[in-house]
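Each structure below appears as structure tokens.
Next, two complexes with chain A in common: one pairs it with chain B, the other with chain C.
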Partner chain A sequence: MVGDDMVLLDMLIREKGFISGEAIAERLKVSRTAVWKKIKTLRGQGFHIESQPNLGYCLISCPDKLLPVFIKRELKTDFIGQEVYYYPVTTSTNVLAKELASQGAREGTLVIAEEQTQGRGRMGREWLSPANKNILISLILRPHLSPIQVSYITMIASLSVVKTIEALTPLESSIKWPNDIMIRGNKVGGILTEFSAEQDQVVYVVVGIGVNMNFDPTIYPEIAYSATSIYLELGQEISRLKFLVGLLQEMEKEYKELQAGKGLLIVKEWRNSLMTLNKEVRVVSEQGTLEGMAEDVDEHGALILRLASGQQIKIYTGDVSLQMNKA
Partner chain B sequence: MNLQELKELLDLFESRNISELELEHDGFRIKLKKKVPEPGPITSHEPSGEQNNIPGEPSKENNFLQITSPIVGTFYRAPSPGAEPFVEVDDVVEKGQVLCVVEAMKVMNEIEADARGRVVAILPQNSQPVEYGEPLFLIEPM
Partner chain C sequence: MVGDDMVLLDMLIREKGFISGEAIAERLKVSRTAVWKKIKTLRGQGFHIESQPNLGYCLISCPDKLLPVFIKRELKTDFIGQEVYYYPVTTSTNVLAKELASQGAREGTLVIAEEQTQGRGRMGREWLSPANKNILISLILRPHLSPIQVSYITMIASLSVVKTIEALTPLESSIKWPNDIMIRGNKVGGILTEFSAEQDQVVYVVVGIGVNMNFDPTIYPEIAYSATSIYLELGQEISRLKFLVGLLQEMEKEYKELQAGKGLLIVKEWRNSLMTLNKEVRVVSEQGTLEGMAEDVDEHGALILRLASGQQIKIYTGDVSLQMNKA
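Now for the complex of A and B:
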């Protein structure tokens, strides 16, 4: 959305009643025909705008969309989300963000999609999400980190989701090692971090964040028993915009701490939010299945597993599930 | 041991594939050591080793670009299970082209080619764990 449209929308939102086409034309320094064309464009985007001869235009309702213009009005950050690429439908926000990052997009650039046709979880698994119901974003970051420290980014993203849920709802969430956000044992969100490095220095990180907000996952057989949403847990919808703005602000706060050298504090906080520790778990990976006690995590977040034999091993990849019968 | 014998010993040591020799004979003791190139784990993985064994020829390996893993994790040759691998042996890759993914703690690191070249070897098997600094690919720059 260009500057003029932003100003027009701002005028419509501020004005409780009708605002004349003449006043808008004067403010934007365009003809009244141009104003009418802009109104038509907004209507096409889902804005309900009433027009009356002699009175002008009146905004009745805004579409339930995460439009950049809405975000700009609310967001109080220095760089996270200050540059927004918004897509009603796209393949995958991470794929787009990686393209933008390699073309030099600046730190904090945000990619939003209302719907993804090729949404991905880990290793190409599908990420299911109906249009206009959830939060599907990717952020471009350029941290001063070595490749081994990029897991900190996943940690601050997970923590930001947990803290935003805590700030805006009475719900309690926790993190399942290493990147799932869970409410009462079901998955409400996930993080997919990808990065590019040169000579042991990170060039860019793309962190994809998906949060199930206002949809009912139980109607999808594939995820009915493993996924949940804020709506399902709370019994009512909440504002996606408010959630997104809170999430971005929290993310910037955490990221600044990381850049200030407080990585180990972040690991400690993340560790305290893990639901996985001190439990009997099963780790399934391409290398096979392991069972043991999830004792701790190391300074980069690798899971320290104690096998039945007493041997301690570090886990870097795999799907962890709790052994309920042994708990 | 006279000078002639010593010279013969040195020639023999030089011409053979021996890196170290220690000899004791009638109170005379000599220790010879060759300066060997950095021992890298590449040699053991080198699939087309024959071409490098021509005596007197400088090892061709030295001209290969080695792509190593920047993290401990799991090596993936394709973006998702069942998908086409990013590259195959003998493929010509461009600088910046993605060669593989190394995953750790659900962080995906796409490893790119440092330079344009031909893929000579893909060292780890798909979905195998790799260590920090472990060689993943050998690229012959073009």
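Now for the complex of A and C:
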């Protein structure tokens, strides 16, 4: 939906009552039949629009969807989210975004789904989300980074989620190494970063962000005790659109800082948002299970673990759980 | 070309003179017409096969091409090169291999081109090669590596080229950091490693290998003073097929060692083949031009440079040239 359609929607939203087809036709410089066709398109997208022979059209309600037309009305960014691919239902926004990126899609391109049939978390795990309830997006970025620095992108994505929660709600969230967003010990969001690179230069990064918004995870037995949502924590629904716009604006701000060479400041800020440090943790990785004190992270985000033997090791990938009995 | 076609070619190669169409039909359990069609296919691929009404068929010469049928006859590997995509001419073997890999092609899949219309080196540079003269291949690998370890793949590819040159010729070659193969100061081959990854796990690596074989680079002004070839150094042509088979077998051996956890041994061996160390070098990188002593490489292959100020810095990407006046 672009140009004319957005102007039409703007008119309908601003007008509190009915607006005549004639007035619309005049403003858009199109025929009355063309106006009627545009109204039909909007209705198809879930807009409830009444029509009366002598009065014209009146917008009764907007669909609870993250339509590009809504985003464009609100978003103040230079490039992130300026190009939007919107899907009521798709396999996985990351899969689509990777295809678009390899075909040359420009930096900042946003892929949104209301529902995913093959939503994934890290390590190929399922990411559960009913339709029209949460935020399921992927962003295409083309940073000047070496592959070793791609973790910066995961860091700014998770920081942006934390900051957006902080800006729009009274909730406190933190980051569980390496890429989960947590509220009171339960998972409210996650980041899935995938990328394509040459030996020493990233070609593109696709960063997938999932945030549980107006969704009740307690009705799904498989995640009832590990997941939460903004709705569940707050006791009320909040505007997904407002959250998404805030998140994208925050992402752009952080990304610009990263590209301006402030990577180490970002690591520091990310480190301060980690709930994982100075705690006894258990790490399950391909190399096996390790237990120890999570002492720090290095400049690329690797976890520095102190084993009971006193030995210090770096962990690049794995699942962390806190050892609550020792904490 | 598989199954029947390979058996037919085997029969023609073993038979010193003519072999009757009847004998072939009997062996392959097909009709005489089917035999004639297979002969036609071979001719289309450049095999010169004579036919005489009462004698049958006689193989006069084979095309000077790296046909899969030739490779399969010689290659002793478990997976590298067991699946082959062969193109007389294509855009770029790395581009094709990335497409195949993202569609699920299995580990070890080999893409061969006799000629590339968009051959590339690192950083998007052109890779010049006339048809049917050199080795232009890409391999698809699916190693258990984190993105930070992908340099191992470049290392085993360059080591394999050096070892194959050593095994088949009296020539001495060495590696110019990070990915060029050199003979007497000129470039004889290069590696272009590209990969797709999640944050902490490689999904696939495509390693492109180009080696100048039976080619005279001195007739191309743009590379006359920087490139060389096996032919130019040796004064005679050598079998591209033999070289390719040796290279693939060496690659598989090194790759198995890497996956068995011998990465650090590979770095050590690669380091010993580097011509770049303990020399005054100039490095041109995105960060600008730096001069200093190339003291060492780290465990991921990054170059450790000692500046005139005494400061030690690590370089992950760049072009190195030796400062011959100081060497």
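A few notes on this one:
Assume the second predicted complex is superposed on the first by the 325 of 327 C-alpha atoms of A that agree within 3 Å, B and C clash if a C-alpha of one lies under 4 Å from a C-alpha of the other, contacts with A are read in each partner's own complex, and residues count from 1 in each chain.
Just so we're on the same page, a residue touches a chain if its C-beta (ideal position, glycine included) is under 8 Å from a C-beta of that chain, and two chains touch if they have at least 3 such contacts.
Keep in mind that this is a model prediction, so the values were computed, not measured.
Partners chain B and chain C, once the complexes are superposed on chain A, run into each other and clash.
By the touch criterion defined above, A:H144 lies against chain C but remains apart from chain B after alignment on the C-alpha atoms of chain A. Touch criterion met: A:L192 reaches chain B and chain C at once.
Contacts of A:T154 after superposition: both chain B and chain C are touched.
In the superposition on chain A, A:D200 makes contact with both chain B and chain C. Legend: residue contacts after superposition of the two complexes on their common chain; A:Y316 is shown touching both chain B and chain C. In the superposition on chain A, A:N179 makes contact with both chain B and chain C.
Note on the chain A alignment: of 204-212, 222-230 or 312-320, the part of chain C that runs into chain B is 204-212. Annotation: chain A residues 102, 122-123, 146-148, 150-151, 154, 178-179, 192-197, 200, 286, 300, 316-317 touch chain B in one complex and chain C in the other. On chain C, the positions that touch chain A within their shared complex are 98, 102, 122-123, 144, 146-148, 150-151, 154, 178-179, 192-201, 203, 286, 300, 316-317. Within the complex, the chain A residues that touch chain B are 102, 120, 122-125, 146-148, 150-151, 153-154, 178-179, 191-197, 200, 285-287, 300-302, 316-317. Contacts from chain B toward chain A in the complex involve residues 70-74, 76, 79-81, 83, 96, 103-110, 112, 127-129, 132.
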